[in-house]
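One chain, chain A, links the two complexes that follow: it is found with chain B in the first and with chain C in the second.
Our next item is the complex of A and B:
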């Protein structure tokens, strides 16, 4: 354990990357997920099928596989495209690859969560809004969306934690996040237990903070309902 | 409804565009290594890369006046990174093998490195083929060592493969394998010297012309002839001016020849 201590800062620094990738991935998943759920409940047939297909495909793909597809596959595709239209190819950094992969993959789960959260809104509330003369947009922004987010909070909290942990997959494409750094330190010090224990504690701390935040949000949004 | 969804879609697309990063304009030579393999490559407490391969690459780049950036890439993905152009040179204590020479130019050799078995200090193994019969031997997947075992010891021993030497040695510690088959110099420095009295080399070091006899080299895709020529020349320079000998003394404790 002693040989690991000098590397503490190096491993903990990786936490910034882990949290950064998680936050960006989560934000992307929320955005794409909300879009998908809007399309799924929408009245247009084609977008509805496309969105449902997206959800089916991405819920089925293993995360690791998709990280590889984005990191190596997108790079090859980009270069082919760049060669065809004659521009310099964009390079996909490991950070970009993992956030794109996480956002696209978890968007499928978020879409399902949002759809359920939307169905759980009592129809009477929407009718009440219409009855007092709110426009369609106002009903959506003042009633449907806020209630949808409130309903979705517990499930989204779960998704956040899953993304946090799945972001460790980024270590296989060389993103210098906590897990990768712990592995490098384990290799350097020959004290795998110490290095991985530090990484484990890092994850525990972030998880505890995220859970506390989630509970706070849930407490603030229980108006008019019984607290579980 | 439609408007909102278009806006969301637009936001998602622009997010993806921002994330995909910028094309690099500078002409840097990207060199990939896996920094969990001391003494070839590891990290210091400040997170900076260090090791024999790191110093050697820096010396070659200095000799050839190249701007090199060393990247820390996991071993599992290091050849994928080389093939997809994410890195241009791999310097990860690679053994020169005929199979790798088909795909890559391999400037070198910069170290000769016979193979050896290590086992717990209490082990009764003698390193002979008969003595190892029926035993389970750990090694790193896709390494020249694994290929040697598959070619020469198939049917005699069980081979267990890992993604790193540490993982292989951890399973040795736990008793799931009887010995680990690796490179003499790496095993010497990383395990035997680091933990005196815990492990020992069993049997004689093995030199095999197909798998280890050609020593260690760098790997550069064959198309990149300018770069491999520069590394060939740079390596010859650092070997000739004594830098190489000095570095082997620094990292392996004794001067070692390149061949």
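Our next item is the complex of A and C:
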């Protein structure tokens, strides 16, 4: 157990990478998810089918599988592109591959969340906005979007925690985050028990902090919960 | 070329071999996890203070730690304890990657299913449990005949989500050398020096598996709903509606959204 102690800092530093990949992936998922949800509720048939097909496929694909598909796929695409233009192919960094994979995969969940959050807004509130003479844009930005985000906060917080945990899979394609570092340390010290215990505790602490933050945000926005 | 590998019989035979392992892991760990989850949910809902604290800590712990780290911990870390390297526990559990996977997924599933089942139990109308006691059923019979059947029926879709999650998460098993669907895909990829095509083929299988679970759940829910209908229209139920007993609040909007996800 004691041999792990000198490497404690090394493992904990990996949290920067873990949290970084999680934040970037989460932001990307929110953006793509919001776009998808507008397509799903939209009136155009083709985009609607494409968007709901996207959700079906990405909710079923294992995260690990998709991380690999993105990693290999981007590499092949880069080589083909480089051969076409005649330059040396760009190296795909594991960080880029993981964040792209996380963003694309969890966009499917975010789309569902946004759609549910949108339908949970009572129609009367939107009608009230129109009744007092707000324009369509104003109704959207002042009523629909704020209420939608308030409704979606608990589920989005949940998604954030899931992305945090799934980002551990990035270690498999070589991203130097907590899990990867724990594995390196386990190999050096021959004490996998301690190394992986430390990695697990790192994740528990971040999870606890993120949950506390989520509760704080939810408390701050309860004024909307009573009407929505 | 991609299309060439797609037409190889070896690819699809490998996929079929792998899908059996994936299904086996999923069913075993879903059943074991459900048993654990029910026990934990009952402890959290009806247990004493200490037991409740332990169950809550278990749930927090296994929900917070990534599955991959849990798997590494059980597969590489636990065998470091020399006491465990002998005896039946070692022979049957920790020396086999497959058994270690099932253990890790079951422990993880139990934590998530505890929350799901607890939600289902809380959604039972108190009047139904009170009615059981009023009829003179023992606490054990009330649990057997009322709390568990109704509670599990209430959270059927939550359980299905867990099963789908387990199918997806089982891809992690390949990292500790289990030859599941994903492991087979990687092996075939190395064999034909084409990494991408087998992964896409495996992806198709995963999508089909998940769809089967979704259809099955829809069918089961429709079936159970049909069975339950006459009961909810009975005289007893109408009686309680005229004299309402304090009821547990039903699932809020946010909880409903939370439970509609296939993730944790």
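As a working rule, the second predicted complex is superposed on the first by the 219 of 228 C-alpha atoms of A that agree within 3 Å, B and C clash if a C-alpha of one lies under 4 Å from a C-alpha of the other, contacts with A are read in each partner's own complex, and residues count from 1 in each chain.
The definition used in the following text is that a residue touches a chain if its C-beta (ideal position, glycine included) is under 8 Å from a C-beta of that chain, and two chains touch if they have at least 3 such contacts.
Remember, it's a predicted structure, so these values are computed and weren't measured experimentally.
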| item | value |
| --- | --- |
| First, second, both or neither for A:102, with chain B first and chain C second | neither |
| First, second, both or neither for A:111, with chain B first and chain C second | neither |
| Which superposed partner A:172 touches (first chain B, second chain C, both, neither) | both |
| Which superposed partner A:57 touches (first chain B, second chain C, both, neither) | second |
| Partner chain in contact with A:120 - chain B first, chain C second, else both or neither | second |
| First (chain B), second (chain C), both or neither touched by A:183 | both |
| Contacts of A:151 with chain B and chain C, given as first, second, both or neither | second |
| Which superposed partner A:70 touches (first chain B, second chain C, both, neither) | neither |
| Contacts of A:192 with chain B and chain C, given as first, second, both or neither | both |
| Touching both chain C and chain B, counted on chain A across the two superposed complexes | 72, 76, 171-172, 183, 186, 192 |
| Chain A residues touching chain C - in the complex, by the definition given at the top | 56-57, 59-66, 68-69, 72-73, 76, 109, 112-113, 116-117, 120, 151-155, 158-159, 162, 165-166, 168-169, 171-172, 179, 182-183, 186, 191-197, 199-200, 203-204, 207-208, 228 |
| Chain C residues within the chain A interface of the complex | 60-61, 63-70, 72-73, 76-78, 80-81, 164, 167-172, 174-175, 182, 185-186, 195-196, 199-200, 202-203, 206-207, 209-211, 253-258, 260-264 |
| For the chain A and chain B complex, residues of the former touching the latter | 6-7, 9-10, 13, 24, 27-28, 31-32, 34-35, 38-39, 42, 44, 47, 72, 75-76, 79, 88-93, 95-96, 99-100, 103, 140, 171-174, 176, 180-181, 183-188, 190, 192 |
| Residues of chain B defined as touching chain A within the complex | 1-2, 4-5, 8-9, 11-12, 15-16, 19-24, 35-38, 42-43, 45-47, 71-74, 76-77, 80-81, 84-86, 164-166, 169-170, 190-191, 194-195 |
